[in-house]
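First up is the structure itself, then whatever we jot down about it.
The chains carry the letters A, B, C and D, assigned in the order they are written, with residues numbered from 1 in each.
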């Protein structure tokens, strides 16, 4: 066997499958119960200082914005973050909630880099380990599968590997060198979906990103949804359930929960709002002013939506692409 | 590192990800073309003596019966088989098409053991390596992921492991002993679906078994479907596509293609036919008589359906459970 | 009410199922037992079928673990990998298993009688059994009780019980605190001794003596001072079984 | 017709796309280039978006790789793991990449300027770039051409090019026959020398001299005897870009 290489960074949570087994066995159950609660209750009940949290999807698309705003509102100071996000995770950084990031990408794609990440990383306010999009998703997949690692070709030969927490291994069948990606269980996963019933059975339209993986890798899972639908509707189309109830700890009804991002078939993104936000976050003062007006100002998602206004929501609903 | 243990049996196809990469790159393409053909043409074009083939689903449910009958009709003598099946794979064994099986289960669940497998295994006519349902599915998943192995806890400590082709490894993060399941690419995968377009974009209702994994692990993939639908219908619901066209080499229109098995929401299984079949296969003579009447007798799936009769099909369509 | 041997088996298996838990259900007796448990003491039992059905009502009996009735009015119709991974993650409480042979550590054989390469009797193979036995917290075996089936050393360990005794599962790499829990047979109900991991008698079936159980067991079964007696099927259980659960008498 | 610098970049990137192939498309220039190629010479180009969109029409421009426009009228809306695994399996021909720095072996940096733990400039990070660079057969980088970006040693290898030269990808464990293929910059089109795996000039952009390219490259670029000259954007290309592909001028 060749020399085993190790990434420099420590893992935030152990990939040990036995520990997770015991935890899940003790703390989760398949009993069906009403899990509907507000953003405030969900975040207060399931997030603790020191938690490792992760959000899904990415790029102002089906992002759990109402839940992320609530995390900022509750003033957490010491969270760790799986860093595949844009505005949702920027809020957490800007709100000084985050100390450590397992990062793959934090930027604005066509709109450029993240000034909020720049300030936090360059000042040393957050420490960062490096991963790729696929390797982060595969790490969640390993946790979802109940195994401590998954082999891959990604990150081989690069500094991305060096600043990760992965290791190299030799394939027992072919002798090929591979990267062993450690399973990434997360303390709290946060996912926004199109529809859920009161137990937490979820349906998503369009691409499902890494919702499947994150839901199954999460010790606690908070769902927000555009609509709460009758459980009979779920049972009529069991093949539409991507996240079954027993993974879910809280169901939050959050219409326009992805605003200013988009929700496919439901509403378009608010391009102007996003553009203004990005301009504003060029300075720290601007970023804090945005937070005050849009995040900590409103005391709930309902108040936030009042600030957005019914007219704007109507406009975005009408602008959406059909099937 | 503890002592590495190895299962006794040789793998039928190499799990080497590089070899598969080169093969797929050379032989498959994303170009959209009409792939509709008959059972006869599909089997003749893509199956060769010596091939390793696999079918999906299992237990007289969404099984590619029309294609399996055609394999027997064409008189193959030296195939290898991934053995997770019931009647579909019994036909291949009974038709003397199969020499080697990577077996997980071959039996009739409530109706008991497989007399056809018994005769073939006890006489030494086929050689068998042992796997479990999940390990076989995970082996396909590893091939689908483009990696040479996947770690798991299944098979540890058992004779199932001993008579498999897996190895044990030590987790580089936790030191835990695990089974490394070698990726299982297959030469030809055969899957029956509810609907496909002429390019091979597929939709399945209900549980999807291991269709996802097998489709992606197959070097050649033959699809049969109950209905061929317009490609516009596929493009209206891209989130329903479980098998995208570029995996598919042939699309066979086979209404009642799973008969005498069931197809959820389309038709019920023919319980009496199956029961009679099982009784008949108690003897080798009976099994051969069945093959002659139902498999090699009819020259095509259309002729087979004539033998079944429109009345029976109507009855099974009406007997199906709704949503 | 009079009852048949398999009705008794179903009732006793059913009573092992705990409300609010999840269990992998195989075809046949476990299916009927689960359907019965849901109507008796365990309305919140979640039946899982390895090919993807989760929480189906079992209003109509499935004929196999991939059958459409396994997800009729279910909360989710998933896929085999997902369900097996859910178990591997530690989220499935119980698994039901069958087999041709069992030893005192609960190791099960459903693969071959005789040597694997040239068997005397070829059995179906592991199917999901090995996975369920590896990953569920507790497994319940349902068996016919004869000395040739309850034997000192099974011909082939298809599915891991406690292997060679205390600590052996963990040494093999299997998860701590998992393993065989109960054996339901036509003669008795067995459990396992916590310390030695060996099979022990818990209760005899109605009309069966301890002596009969011992005679039909090919290894030394632990006989505790107090052995219970299983209640026969109640009228309510039998009525449910015959009129609601299996009116077509597919299994009983 | 007059054209802007990014219109030229888009057109030249577009011309690298081959009909009947598949390509991972990132936001921005590659998206417009793919939309243009599909309307010009490559109607059967299959655009793949890493979060799941497969074969969308690009009738409406997406604003990100997870955007609903990436699967509008697409053949499949899948998931990130599936798409990345499809590439890992060897089924994706091309991948487009960007970055702040590139070296002569095509290694790309999109992570940090300065040391990673305390960077001078924190960039977005790998995103899907490392995966695409590891698994696609050929990658095409789109870059601004300055000597500070085309540099001898990038501060951080986010995405593997040919690493330290011939054989290095394979030694690192990456698949044979994969790696950097083209670099499209505002000054020129570059490829790689088969033997040394070093970047070489293929063609200069209209109005740019070889000397200018050399001056703006911080490492020794291979200059072959014959260097081509890229055609400027045609009227047809510009009309399509401005009127059909990006009428709202989101990108151009």
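Basically, a residue touches a chain if its C-beta (ideal position, glycine included) is under 8 Å from a C-beta of that chain, and two chains touch if they have at least 3 such contacts.
Computed from a predicted model, the values in this text were never measured in an experiment.
Student: By CA centroid distance, what chain is farthest from chain C?
Tutor: D
Student: Quick check: more C-beta contact pairs at A-C or at B-C?
Tutor: The greater number of contacts lies at B-C.
Student: CA centre of chain A versus CA centre of chain C: separation in Å?
Tutor: So the centroids are 40 Å from each other.
Student: Measure off the straight-line distance from the CA centroid of chain A to the CA centroid of chain D, and report it in whole Å.
Tutor: Chain A and chain D have C-alpha centres separated by 28 Å.
Student: Quick one: report the Å distance separating chain A from chain B, using the average Cα coordinate of each chain.
Tutor: 36
Student: Going through chain C residue by residue, note those that touch at least 2 other chains and give them in order.
Tutor: Expected reply: 53, 71, 77-78, 81, 88, 135, 175.
Student: Which residues does chain B have that touch at least 2 chains other than itself?
Tutor: 17-18, 146-147, 152-153, 176, 178, 206-208, 236, 238-239
Student: Name the shape of the chain contact graph, picking from line, ring, star, complete and other.
Tutor: If you draw each chain as a dot and join those that touch, the picture is no line, ring, star or complete graph.
Student: Which chain B residues qualify as touching chain A in the complex?
Tutor: 4, 11, 14-18, 146-153, 167, 169, 171-174, 176, 178, 180, 182, 205-208, 236-239, 323
Student: Which bits of chain B are touching chain C when the two form their complex?
Tutor: The touching residues are 57-62, 83, 103-107, 109-110, 113-114, 117-118, 120-122, 124, 127-128, 130-135, 137-138, 141, 152-160, 163, 168, 176-179, 206-213, 262, 264-265, 269, 271, 320-321.
Student: Which stretch or stretches of chain D touch chain B in the complex?
Tutor: 20-22, 44, 46, 53-55, 71, 73-78, 81-82, 85-91, 93, 135, 137, 175-177
Student: Within their complex, state which residues of chain A touch chain C.
Tutor: 17-18, 20-22, 24-25, 28-32, 143-147, 199, 201, 216, 231, 234-236, 238-239, 241, 244-246
Student: Flag every residue of chain D that touches chain A in the complex, lowest number first.
Tutor: Residues of chain D touching chain A: 26-28, 50-53, 60, 63-72, 77-81, 84, 88, 107, 111-112, 116-131, 134-135, 156-160, 163, 168-169, 172-175, 250-251.
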